[in-house]
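Several structures are given next for inspection.
Look at the two complexes coming up: subunit A is in both, with subunit B in one and subunit C in the other.
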Partner chain A sequence: MDVADLIYIGSEIIVAVTATLTLLMGIFSGRYIIVKIVSLLGILSGLIYAVGLWFVSTSYVFYNTIHANQLSVFFKILVLVTLLLVITGSYDYSKYFGKLRVEYLSLMMYSSVGMMLLPASNDFITAYISLELIALPLVAVIAMTKEEYSIEASLKFLIFSAISSAFLLYGIVLLYGFSGSTNFEVIAHILSNTNLDSNISIVLIAILFILGGVGFKVGIVPFYMWIPDVYEGAPTPVVAFLSIASKSVGFALLIKVFLIAYEFADWTFTISIIAALTMIVGNAGALLQDNTKRLLGYSGIAHAGYILIGIACFSQIGTSTGQVAVIFYLLTYAFTNIAAFYSLMNISLSTNSYSIQSYSGAFFNNKFASIVLMISFLSLIGLPPTSGFLGKLYLFNAAIKSELIWLVLFGVINSVFSAYYYLKVIKTLFDSDIEIIKYQTSRSYSLNIVLICALLGVLILGVYPDPFLRLLETSLSS
Partner chain B sequence: MSLESVLTLSAGLFAIGLFGVLTKRNLIAVLMCIELMFNAINVAAVGISRYIAPSMFRIAGSDLNSEQVDLILSGHVISIFSIAISAAEVSMALAIIILIYRTKNTVDISDINKMSG
Partner chain C sequence: MLTVLIFIPVFGALIIPFLRNNQKYIKYWALAITCFELLLSVFMLINFDLSKNGYQFVENYEWIPSLGISYHLGVDGLSLPLVFLTTLLFVCAVSISMSINTRVAEYFFWFLILETSVLGVFISLDLVLFFIFWEIELIPMYFIISVWGSGRKEYSAMKFVIYTLFGSAFMLVGLLITGLSIGSFNIEELSNITLTADNFLISPVYVFIMFFVAFAIKLPSWPLHSWLPDAHTDAPTAGSVILAGVLIKMGGYGIIRICVQIFQQEAKDLSLLLVFLGAFSLIYGAIITFRQTDIKKLIAFSSVSHMGIVLLGISAYKSNNPDVASFGLEGAALQMFTHGTITGLLFLSIGLIYDRLHTREITQLQGLVYKAPTISLFFVIASMASLGLPGLSGFVAEITVFMAAFAVWNWFTVISVFSIVLTAGYMLWLVQRVIFGDHIGDEKNLQKLSTYEYIPALLLVASIIVLGVYPSIIFEFFEQSVTAFVNNTIGV
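Moving on to the complex of A and B:
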């Protein structure tokens, strides 16, 4: 190892140091606003460092355990932008954390360190450690409001994540037993160059266990059960962070695992079936929901299904087109989900409820948040000119190129069905039949700034996506 | 001792742990079963590592290069990391179980399942 290797994990170091500093300042200084500004500055400098890292050449560092390339830098930037928006917008929500609001900032930053390391990892041990670093701080943050539901959500998240980690680790150990290595590239090389006839069963079991472990993190069938409960119980900023950053880096790892798995078998059919089932479960579950956070949880499952379509295309048309579609979708999903969760939160800060009925007539009380909510839901359905439309377009385009027409039809039909429950919420916003209860809306400037940023992201990606797509293509070819 | 017997022991422990997680109603017992699953993995990792090492010595004699040492040690490294992480997981879980006990006066899983559907 070389000391110069440290420059490749500079943003992780900056964010981790800031997190520790925040924790210490919380003990010694009473002013929350100062602590918050320090943490935001730390995240911002980590972000600027990550942008600078984009121009540094690709290399393998720390004994080949980390592959620092532009793709990993892209995910670093995505995670840090999400964290910046989530933390900036949660100033008013932090009253629910009581005395623990400083620890909330610090733990979110520790979790994001794991999220930044995961897409860069080139070794199963590193990937496993990063996954645990993501999950454990979030367990604590979810329970932080100390309400009945949030404690239950935290317990469920912890137990499901422990079981899935156990499966993941067992798969890693079996694969290590077969190949003698934990390095992604060495394993891929051995799998593609060895005659697997006598050992195919152990490799299949290992890969299936690993897919189960990673599939839990991103919430695909049949590992989705935790999502609705955790989304309903957890604090809203944490759910936003969990549903965007955690899911994105989970897919980054899933892509890496599939690049290995495709070395010895064709997974197109299996993945297509899982994608179809995930879409059905997500959309069917969301139809009956009364709680908006729970509804967005099921919608997140459905979106994981759409993203899997991109992964199913890996074998036919080369991995590049599929990867661009998947990562662009994750980008659009990030902005859309921030806008959706934070506009819901903006309205709920005054009504204190997330049930769909509590949003009736919200447009007449809080126009700005309602409009953002409407646009983000239209983007979740996938209507132009929002970014959700283009994200789906690229995914379906990749699927058509690889001749998965039935899967595309399935995805389109599912999108149409999903419009029902999204439009139901939008309709409730404009409900003027019942007597409208006037309430004091909270005027929160930081929250409104975040909503404007997310809205701009949704619209710009939907109207002018070319620069982002070109950046993605160059980063994949690096 | 052959690799098969080590892997059988490991798979058996893993299955018992998984069965316990799915059937036990007491949270502490669920936690113990999760630990059992992780320990099953440690057994497999160290066993496989022990199995890889002699073949490496046979190929390279006594002067191993760094890559071969990596191969020999990976299993031990996996088990050490897994022990450390499961310790962190247990401390987290115990903290949450104490929180649940304070608010509800019970650690039975069926009393905690309020959200569903």
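Moving on to the complex of A and C:
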């Protein structure tokens, strides 16, 4: 190992150090605002470092366990931007954390270190450790409000993470037994150069187990059950973080795995079926929900289904179109979900409820948050001119290139049905037929700044996505 | 020029929140914006060069090059009259909304956004751009129906959105297939390419059907029409005017612009489907009206019937005789235009009646002519135009379509022509029940029409009469677009 290798994980180091520092400051200094500003500065410098890393050439470091390329840097930036927005906006929410609000900051940062490492990992061991690093701090954070629901959610999350790790490990072991290595590229090399006739079933099972393990993280059928419960019980900022960053890096790993898996078998059909089932389960589940966080949980499942469409078309058209589509979708989804969760939270801070009824007439109390909520939900439906539309357009475009027309039809019709439950919430916001209860709205500048940033993200990506797309394409072709 | 035309209403809408909730200012501001749009479209009508073929006022910039999507606008003789119709009806809609007093700022905000999206549909020359405007239109209309509507407004609004989204889902798939097979989303370019199964991912017939489903829902054609009566009935007056006057024209426009002009061969192959749906909607819509007790619902079904004429006209494109084919398409386009003004006027006068008497039940409205002679006059003019009285604009469009269609589809046309009798039947019966007859109730003098109610009605009446007497004023425009296209594709 070369000491110079450390530059490639500079932002991880910065964030980890800041997390530890935050923890220490929490013990010695009483002022929460100072602790918070220090942690935000730490994340910001990590972000700036990551942006700088974009221009550093690709390299394999730490004995080939980490592949530092622009794609991994892209995910680092995505995770850090999400973390920055999530933490900035949670200032008002942290009253629910009581004395634990400093630990909340540092645990979120520790978890995001795992998230930054995962897309860069080039080895199943690194990937596994990153996954554990993501999950364990989150288990603690989810329980932090100490309410019954939240503890239940935390326990569920813990158990499902453990099971998913078991799945993943079993798959890794099988692959290791077959190829004698845990390194992605070595495995890919061995798999593509050996005659697999007799052993193909073992490798297929291994890949399926890995798909299951990662599937827990991103929430695809049949591994989605924990999502609604955990989303409902967990603190809202954590849910936002979970639904964006955790899901994005999960997909990053899935992309890596399937870049290998497509070397020796055609997964298009399997993935298409899973995608179709995931979409339908997510949308059907969301139709009946009464709680907006559960609703967004199911909607997240449906969106995981849409994203799988992109992975389904890896084999047919070369991988880059599918990858660009998936990653662009994740980017649009990140901004949209932050906008959605934080505007929900903004309104709920005054009403203390997440049930759909509690939002009726919210527009007359909190205009800005309602408008952001409306736009983000329109983006989740996939209506122009929001970024959700272009994300879907890109995915469907890639799928049609791979001649998966039935899957695309299935996807678009699914999004038509999803319009029903999203519009129901939007309608509730603007409902004036019932007696409107006036309440004091929380005037939180930090929260509003986050909402404005997320809204700009949703709209800019929807109206002028070209620079981002070009960056993505160059980073993938390099 | 076209960019200005599209985005002025959005700009106007974004200004509205800054008008400090002053209802008067907001109303005048919205009216000023729509009037400006009307002037702009009139200016374009005057400056449009009829001697040149193809699109004019074209603007073309790259937008998302990686997908081949461009920001491409332009108008030709087909779209320009529809643009004019849109701007005209929006002036009317905003003008009769002066009496609105619930949630005024939002109301006009959504109307202006709606105007942008509808205009965008008519003038975009890029399939994706077309689709984007097509989708944007849903949200304002959803709010207009569900907030300011009446009756089962939420149900109707949701039904409207889900139906249209369902159609646009198919359209999205269709346009992606088209774009990827040919490598371009440019409507102008696509209409010059002969599409065969070889250069298409799947047979173009399926793609044609995907587009057609989307447009047939919007038009609406039987059997996809069931959203329309609900949405029309429950929308506020101005909403119905726009819905009937402009939004459903987007469907007809789409069929001509995309289904016919891009998928020429398929449009001919499947013209039996078009003529069947057209004739069936025509008769079916007319028969259903007899059972309606709500005037708005009655007029809504008459729209289904009248839109059948559009399909009938388009189906004449099958003919090998260029004159017949272009006559059919021109008739269809003229029918869209005149139906926009006629139904606009009908809904407008119904709205005026409803504002004063608070009922739309036919049985409760009797002898209106004694109570409100002016409104009755407008209503009668509109219904006479609607049943195709010569001298008014409805007649010209119908006769053109029937003449063209008869040359191609003898029996279908013979059956369809009976709809004229049916239309005359239900319209006259309606007029007789609502306007004439003994008047009930003691209200003698209903509130007089205000200026803001007079002006739109007079504008529409004027357009109906002018077109009825001198149709070539608008026919020239349609010819500019259609004749060249038909001559190119059919050959002389």
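Everything that follows uses one rule, which is that the second predicted complex is superposed on the first by the 478 of 478 C-alpha atoms of A that agree within 3 Å, B and C clash if a C-alpha of one lies under 4 Å from a C-alpha of the other, contacts with A are read in each partner's own complex, and residues count from 1 in each chain.
We adopt the following convention: a contact is a pair of C-beta atoms (placed from the backbone, for glycine too) under 8 Å apart; a residue touches a chain by one contact, two chains touch by 3 or more.
It should be emphasised that the depicted structure is a prediction, and the values quoted were computed from it without experimental measurement.
K.L.:
Quick one: is A:Val173 in contact with subunit B, with subunit C, with both, or with neither? Answer first, second, both or neither.
P.N.:
A:Val173: touches subunit B, not subunit C.
K.L.:
Applying the document's definition of touch, where does A:Val416 land relative to subunit B and subunit C: first, second, both, or neither?
P.N.:
A:Val416 contacts subunit C only, not subunit B.
K.L.:
Of the partners subunit B and subunit C, which touch A:Phe430 in the superposed model: first, second, both, neither?
P.N.:
After superposing on A, A:Phe430 lies in contact with subunit C but is clear of subunit B.
K.L.:
Please indicate which partner A:Asn397 is in contact with in the superposed arrangement: first for subunit B, second for subunit C, both, or neither.
P.N.:
A:Asn397: touches subunit C, not subunit B.
K.L.:
Name the contact category of A:Glu152: first (subunit B only), second (subunit C only), both, or neither.
P.N.:
The answer is first: A:Glu152 touches subunit B but not subunit C.
K.L.:
Which holds for A:Val326: it touches subunit B only (first), subunit C only (second), both, or neither?
P.N.:
A:Val326: touches no partner chain.
K.L.:
Kindly classify A:Ile244 by the partners it touches after superposition: subunit B alone (first), subunit C alone (second), both, or neither?
P.N.:
neither
K.L.:
Which partner does A:Thr182 contact after superposing on A: first (subunit B), second (subunit C), both, neither?
P.N.:
first
K.L.:
Going by the contact rule set out at the top, does A:Ile220 touch subunit B (first), subunit C (second), both, or neither?
P.N.:
neither
K.L.:
Hey, what residues of subunit A end up touching subunit B and subunit C alike?
P.N.:
On subunit A, the subunit B and subunit C contacts do not overlap at all.
K.L.:
Please name which positions on subunit C make contact with subunit A in the complex.
P.N.:
By the definition above, subunit C touches subunit A via 63-67, 102-103, 106, 128, 131-132, 135-136, 138-139, 142-143, 146-147, 154, 158, 161-162, 165-166, 169-170, 172-173, 176-177, 179-180, 201-202.
K.L.:
So in the complex, which bits of subunit B are touching subunit A?
P.N.:
Touch residues, subunit B against subunit A: 3, 7, 14, 17-18, 21, 27, 30, 34, 37-38, 40-41, 44-45, 48, 51-52, 70-71, 74-75, 77-78, 81-82, 85, 88-89, 92-93, 95-97, 99-100, 103-104, 112-117.
K.L.:
Name, in rising order, each residue of subunit A that touches subunit B in their complex.
P.N.:
That would be residues 63, 125, 128-129, 132, 136, 139-140, 143, 146, 148-149, 151-155, 158-159, 162-163, 165-166, 169-170, 172-174, 176-177, 180-182, 228-229, 232-233, 288-289 of subunit A.
K.L.:
With touch defined as at the start, can you tell me which subunit A residues reach subunit C in the complex?
P.N.:
My answer: residues 378, 383-385, 389-390, 393-394, 396-397, 400-401, 403, 405, 408-409, 412-413, 415-417, 419-420, 423, 427, 430, 432, 465-466, 469-470, 473.
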